[in-house]
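Letters A, B, C, D, E and F mark the chains as written, and numbering starts fresh at 1 in each.
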Amino acid sequence: MFSLTVRDHVMVAHSFNGEVFGPAQRLHGATFIVDATFHRAELDADNIVVDIGLATTQLHDVLDELNYRNLDEVPEFAGINTSTEYLAKIVADRLADRVHAGSLGEGARGLTEISLMLRESHVAWATYRRAL
Amino acid sequence: MFSLTVRDHVMVAHSFNGEVFGPAQRLHGATFIVDATFHRAELDADNIVVDIGLATTQLHDVLDELNYRNLDEVPEFAGINTSTEYLAKIVADRLADRVHAGSLGEGARGLTEISLMLRESHVAWATYRRAL
Amino acid sequence: MFSLTVRDHVMVAHSFNGEVFGPAQRLHGATFIVDATFHRAELDADNIVVDIGLATTQLHDVLDELNYRNLDEVPEFAGINTSTEYLAKIVADRLADRVHAGSLGEGARGLTEISLMLRESHVAWATYRRAL
Amino acid sequence: MFSLTVRDHVMVAHSFNGEVFGPAQRLHGATFIVDATFHRAELDADNIVVDIGLATTQLHDVLDELNYRNLDEVPEFAGINTSTEYLAKIVADRLADRVHAGSLGEGARGLTEISLMLRESHVAWATYRRAL
Amino acid sequence: MFSLTVRDHVMVAHSFNGEVFGPAQRLHGATFIVDATFHRAELDADNIVVDIGLATTQLHDVLDELNYRNLDEVPEFAGINTSTEYLAKIVADRLADRVHAGSLGEGARGLTEISLMLRESHVAWATYRRAL
Amino acid sequence: MFSLTVRDHVMVAHSFNGEVFGPAQRLHGATFIVDATFHRAELDADNIVVDIGLATTQLHDVLDELNYRNLDEVPEFAGINTSTEYLAKIVADRLADRVHAGSLGEGARGLTEISLMLRESHVAWATYRRAL
């Protein structure tokens, strides 16, 4: 089993609803260090998991849709707690759509899974893993 | 599949029995950087894996039972090599007990697994993963 | 010359004024990983730079005044670009006040400088260093 | 499930064939930070996954065969793209051979899997995982 | 005293002359993680050390001149040991030229020093610091 | 101004005297990640700060004198709080002696300073810097 990971980051503002979030119910923000991992059983004809250049630019494009924004004001997230865990899923799903659309190259059609890790600090991070 | 990780650390003294341990048979010590990861299939009603505040304090409490101690003198570890691998299991099992006791919140009952990584240096670490 | 560093973090929302900031003129946020370093020429009577427990709790208290806030709405920062560099100075100055007030212990009166590093991502950070 | 990881590094030159590699088609080089992870269901009689000393020296010996070399001139890799992914497999397979040959000790016969991660930079890494 | 750091990386091949280099006399390669730090006494009118966008793109451009190359074949480095230390100076000097040429913005004229750190592995790095 | 850093680690047990140390008055232990930095104004004839091979082995030898020991039982440290700060000085001084004795090579006689950083955890570290 092979995987390849590329890292980028995104900086957003947001607030949470629910007592469990304590002071994080106030509008605040986060830098998320984002690790996108692509999995497959065998390497492609070029001996790689996926084109690292395309993986990097596609991840960057997905993050650009969120970057430097107040997620509380993004219509798609209205009424949703944009937790680290949830955002990991959002980024993974959008990357999966791009894999299926061919944006990561023809070779990427051999990918079987994506994992998405978001680090919110040096002491906390979340991951979402899904099939392709 | 989702996971959330929180990090803390613990500083202990101990010694090992067995030729395989070489100079580590002498009384020495270690800082273990501890990453506790909680896994579940779907997010809870608050859109999270587990209350990160409770996860942090419960991990801290479990580590506090070991912190600043000579493990050779802890009755529970008498005659046991408290290797990094073994201590990963100890911490994971104690966290699991706390999940089952409700100390990580009602939402934590949806957790399916715990992984526990202990880093003993920048070049060596161990992990234990178990079901809940 | 000796120094001791303790690390913590803080999560804030803010926006910037000025074309140089590009998309960061929008309301967004950041996690800052904060490294506070205390300097002195010789160790104190306990053979330390400063009480690490007090250094940790005092840094935490200073960050708590900023944590989980929208800095655009904090009166003190009205009309000010709360850049990473500027926030490093704010935190350093507030820690310096606490050193002078004795909150880091009597031994801390021998400190000569504070450096404050704020990491805004894995690829960018800023530092402010000042005398005590 | 337990695992133990040891870290080392290797510095090589190489070039790639294929348009997908862009400027990396030119002769260039890389430092790979190498994390070798050994997995097993239960700990051995010494309460460990594998002798960390042997794991470290065997990994070092495997990397020494590649270290400070131009992989383009190594006969075994003639006509092969020595991508990070591919090199992860090479190192994992050679470690697996050593496990089977008894070089990691008798206890290592209980190992069930090896994962090999190669970090080529702070923003990209690859992993290969295989059964023993 | 303020500073701002941006990080990038570069992958090169090279060899060394001199017995002190041992096996590194053979053609091999390295990933250098590059931290460029800009220093100044006071912040500029925008409350920053330097435009982080310009700092990032200018560092990237300087590294691009070296990236994916065999330094043994770059005429400028003929007969020179392109050690980590030496390359830190090369990158710092080229960045300094760009500061003086105005490529990092008018505000950058207030910079007083540049430090350049190149990490060649997780266990070795070099720094060069110079006035502007 | 140039510098070169090499990293290693050491695992010790010890206890502290003094109320300021709280629970660390009990016998416990630590892994110290050790960064030894060598400084000089100009590079030597080989274009380096110091022979990285010698720097690595000499640091390792210095740490070996402390490694896997209970510092409370080392006669030299009797009645002394072996704090992280103090141990940074011990290691720096012993390396300085080796520089003066020629153990880091003739070129090392051009070194002007040594800095020694000991990381005791992911959230605390200390540095000692001295002239040569």
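Definition applied: a contact is a pair of C-beta atoms (placed from the backbone, for glycine too) under 8 Å apart; a residue touches a chain by one contact, two chains touch by 3 or more.
Note that this is a predicted model, so its numbers are computed, not measured.
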| item | value |
| --- | --- |
| Co-neighbours of chain F and chain A - touch as defined | B, C |
| Type of chain A:chain B copy interface by residue overlap (half), same or different | different |
| For chain D paired with chain E, centre-to-centre distance based on mean C-alpha positions, whole Å | 30 |
| Centre-of-Cα separation between chain E and chain B, whole angstrom | 41 |
| Residues of chain B engaged with two or more neighbouring chains | 7, 122-123 |
| Residue numbers on chain E that touch chain D, as the complex places them | 7, 9, 11-14, 23-24, 26-33, 67-70, 120-123 |
| Residues of chain F that touch chain E when the two form their complex | 1-8, 43, 46-49, 51-53, 56, 105, 107 |
| Complex contacts: residues of chain F adjacent to chain C | 18, 20-22, 80-86, 88-89, 122-130 |
